[in-house]
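Same chain, two partners: chain A is paired with chain B first, then with chain C.
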Partner chain A sequence: MADHGMDPSAPLTGEPSKNTKRKLRKEVKTQIIGFVLALFLTSISFISIASDAIPASFAIPFIFMLAVIQVVLQLYIFMHLNDRGNAWPNAMIWSAVVVAIPSVAALMLLLGITKW
Partner chain B sequence: MAENHTVEQHSLPPNPEKATLEGKNKYMGFWFFLGGEVVLFASLFGTYLGLRNSTAGGPGPSDLFHLDLVFIMTMLLLTSSLTSVFAIISMKRGNYKGLLAWMWVTVLLGLGFLGFEIYEFWDYTVNYELGFTTSAFSSAFYTLVGTHGAHVTFGIGWIIVLLIRYAKTGLTLTNAPKFYTATLYWHFIDVVWVFIFTVVYLMGIGG
Partner chain C sequence: MSYAEAQKKSVLWDWLTTVDHKKIGIMYLAAGAFFFTIGGIMALLMRAQLMFPNSSLIPAQTFNEILTMHGTIMIFLAAMPLLFGFMNYIVPLQIGARDVAFPFLNSLGFWLFLFGGIFVNLSWFLGGAPDAGWTSYVPLASHYSGIGLDFFVLGLQISGLGTLIGGINFLVTIINMRAPGMSMMRMPLFTWNTFVASILILFAFPALTVGYLLLMMDRIFGSNFFVVEMGGNVVIWQHLFWIFGHPEVYILALPAFGIFSEIIPTFSKKRIFGYTAMVFATMLIGFYGFMVWAHHMFTVGLGPVANSVFAIATMAIAVPTGIKIFNWLLTMWGGRIKMTTAMLCAAMFIPTFVMGGVTGVMLAVSAADYQFHDTYFVVAHFHYVIVGATVLGLFGGAFYWWPRMFGYTLNEKLGKAFIILFLIGFHLTFFVQHFLGLYGMPRRVASYLPGQGWDGMNLVSSSGAIFMAAGFLLFIINIFVSMKNKETTGDPWDGRTLEWTIPSPTPEYNFAQTPLVRDYDAFWYEKYQGDGKIKAAEPLGDIHMPNGSILPIIISFGLFVMAFGLVYHTWIVAGAGLLIVFGAMFVRSVKEDHGYHIPVEEITKDKGGK
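And then the complex of A and B:
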């Protein structure tokens, strides 16, 4: 693989630039905030099912909504889908979601209600 | 440029995982693969949702599931996602030892998760007599959660292989994309688990 004559197996040395270092410090903060938010959403989900005070008719759609929020949060914070130059990864994941939703709906109906 | 036979060294780019064409291709190709994985899991979730009430007289979700166990497993996997993020931040700082150490922590947390899952399946099959063929619910449950567990197992194996293969090489333009895609895979496992604990376990207990 000839990337302008660079040897890709040569060890990378030196430190990142000051600008990169600053970005990475900010990045640590963003990621920890993302983690705390995920912890919070997870705990609310478990509590709303574990406590008897909340009726199931409310809790089920509520925890489903929390799951969707948490997944979007993880895709965009942990997996950096919002970074620049990520148009194709976004296109791929959201196309997959467009295929996934009718798949889930169809299987639920065919197996659970219509029974073939 | 004159030929020289000493080991060439490069200075650290801001995103070593995407500094070469091969790295860029790996990154994009991996997201294409994840798109396919989304559809795979969607079909398993749809099947489970269709069959989750067909227990055929065997044990059902509310007899089986223990929220405390699932909560511990969720915390292990969520924390392992954060430690793999720290691994990549260490990599971008040029701290290769930090990258390796955080990846080992990720592996250990993943093994903890897997241990609890194996215990859970053992508990269901031995103490509740819920075999794979007991009911439509049991087949759909073991297939969905088992496929996720297989992904966890594969992810752990993948990361361990990278950690052993590149234990002494230092960070290079070749191994940076490999570590990066492995962490993407690991995050994806956690993303799927969010839906599993919601749709399978919490909905199973709550109604």
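And then the complex of A and C:
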């Protein structure tokens, strides 16, 4: 590979541009909103079970739903999946989800006592 | 290591330590051809036994072992490594890269496969080969089979690890190492098919690994996953196996489709018809491959709704496959077709594979499958698709890429004699097996009684096998006879893709300068829109190369030792093997390894001192 005479790990110098500053402010805002949302999701899942606010039959699907939202939130806000240059990780993660959900769902149905 | 040191290695040491994708590709081909020959001899033995009714040439137990090993060897140790050989050699050349993304891992993948394959085959000498079929259904495989199954389950886990590593390596290579200008939609179709097949490997092999892990636990550590009276479940094995097993079929077929998609445009002198549709169809086949596994289990008793859903999903696969078939036909239509041996393979693949596809749709009718299941009809079907696609693809690819890989062209006359003989033998052997199945002959039987209307057809089937063997011998002879037909232009077929822009024999750094890709069929574009030479994307300079390493062999050997320890329940040997593995991994982690540079003078010397 050609050497361009730059050390990519060198510390940045100088003032950030206006555009960069605006982006950084926006990033901070997203991170804070994401953090609050994550806390909120975690606490409702805890409270809903601890206070018996929802019926027992609905508890597992409800928690599961919250968990899925939580995972997506974490992946996109804190793991930066929506940033530029992450198209491939996105494509691979979502194609795995598209393959795994029908497979696992079908497998669970087929292994049950009921004959479909 | 310096450049001079890197050149000084002895030939043997060079091949043992190589991380060059071309040498690893050739080693995959050699090992795959070795196992293919063994698997073929087993097939001949089985056909010899079944030639006449009530035959006692081979005892029933040995027949079961041969039958199991024929399937296992042909799928895991012959077809896949042979395809991996082509992928390894050709994909980096087609995308304009100097190597795969992880050269060390590439070498590790090969040695894991080889040691795993040898381990499975050692069972022949150490108490009997596995005898529960390549599917190894439990509880037959978990509680009624001998030590051979231990070798099977451990050896295939080791070689499966190698396959998984290889698949991930191809994915990263294709995503990250394409030459400037080569967008995804300018990639040659062989590379596209390799890409989708690698995704299938990545998603499907974990299911097999889990299955084998559970089987190993039951057999060696006394767990109860498949013991019904202890609350286990035997059907889950079949699910796990086929969640892997069906995508596996496409892992074998897709790269072969890719090879045909290279051969047909080259020898028809036409751009492939419907490139975008081909890419889309490949992805669709890959996706459907995961949604149809239960069609192998129609007679298990899943219930009518489940059977219907999987039957319809299975029939849907005929649509993208049909798109591909028509695109190949339309590529040939109106082209200036040159019937070389490679093209003959591709042309004969289409009718052969379509026949296999038609019986596939027949088998997908779940009600009818109750009649076909476990008969020779199934045997005929899967040999038509696997030999029709994968084996013809491998032979076609061999004739097509031989000048690129070995620097000489295979003899065309001998080649055509070979492929015609092989195809006559193939159809003689397997066409009658459809009818044997319809007349009720079950598969996997070691012998049968006379007077059931099977005698004549079995005789025909067995004599066909002799033609196939004779054809394969011609191919082997061809390899040696043709050695004098040196190929020096680097572009013997008037090729269309980047691998034909390299001088012959292929230099170890592939491209002196990374090529600049300006269109799909990059070389063809330069021939007709440019000056016939591919543009360079970088100035001539020193080329950075990775160092060779012996560690992949040591790691694989460590796992091999560990597997021995597990089979014989000698934990100290197993622990020693594990120690070797982690020791080698530790050395790899702490040792600084910066590779070396090929100086620019060497490269200009190769280019003829420009």
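Definition applied: the second predicted complex is superposed on the first by the 84 of 116 C-alpha atoms of A that agree within 3 Å, B and C clash if a C-alpha of one lies under 4 Å from a C-alpha of the other, contacts with A are read in each partner's own complex, and residues count from 1 in each chain.
Definition applied: a residue touches a chain if its C-beta (ideal position, glycine included) is under 8 Å from a C-beta of that chain, and two chains touch if they have at least 3 such contacts.
Model, not experiment: these values are computed from the prediction.
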(request) Kindly classify A:110 by the partners it touches after superposition: chain B alone (first), chain C alone (second), both, or neither? (result) both
(request) Answer with first, second, both or neither: which of chain B and chain C does A:10 touch in the superposed model? (result) first
(message) According to the stated criteria, A:33 is in contact with first (chain B), second (chain C), both, or neither; which is it?
(response) neither
(request) Spot which of chain B and chain C makes contact with more residues of chain A, would you? (result) B
(message) If we overlay the two complexes on their shared chain A, which of chain B and chain C does A:88 touch? Say first, second, both or neither.
(response) both
(message) Touch test for A:99: chain B only (first), chain C only (second), both, or neither?
(response) both
(message) Based on the A-chain superposition described above, do chain B and chain C contact any of the same residues on chain A, and if so which?
(response) 1, 88, 92, 95-96, 99-100, 103, 106-107, 109-111
(request) Would you tell me which residues of chain B are touching chain A in their complex? (result) 1, 7-14, 16, 20-22, 27-28, 31-32, 34-36, 38-39, 41-43, 45-47, 49-53, 67, 71, 74-75, 78, 81-82, 85-86, 89, 92-94, 169-174, 176, 184, 187-188, 190-191, 194-195, 197-199, 202-203, 205-207
(request) Within their complex, state which residues of chain A touch chain B. (result) 1, 3, 5-17, 20-21, 23-24, 27-28, 31-32, 35, 38-39, 42, 45-46, 49-50, 56-57, 59-60, 63-64, 66-67, 70-71, 74-75, 78-79, 88-89, 92-93, 95-97, 99-101, 103-113
(request) Going by the contact rule at the top, pick out the chain C residues touching chain A in the complex. (result) 175, 199, 203, 233, 235-236, 239, 243, 287, 290-291, 294, 301-306, 538, 541, 544
(message) Applying the document's contact rule, which stretches of chain A touch chain C when the two form their complex?
(response) 1-2, 88, 92, 95-96, 98-100, 102-103, 106-107, 109-111, 114-116
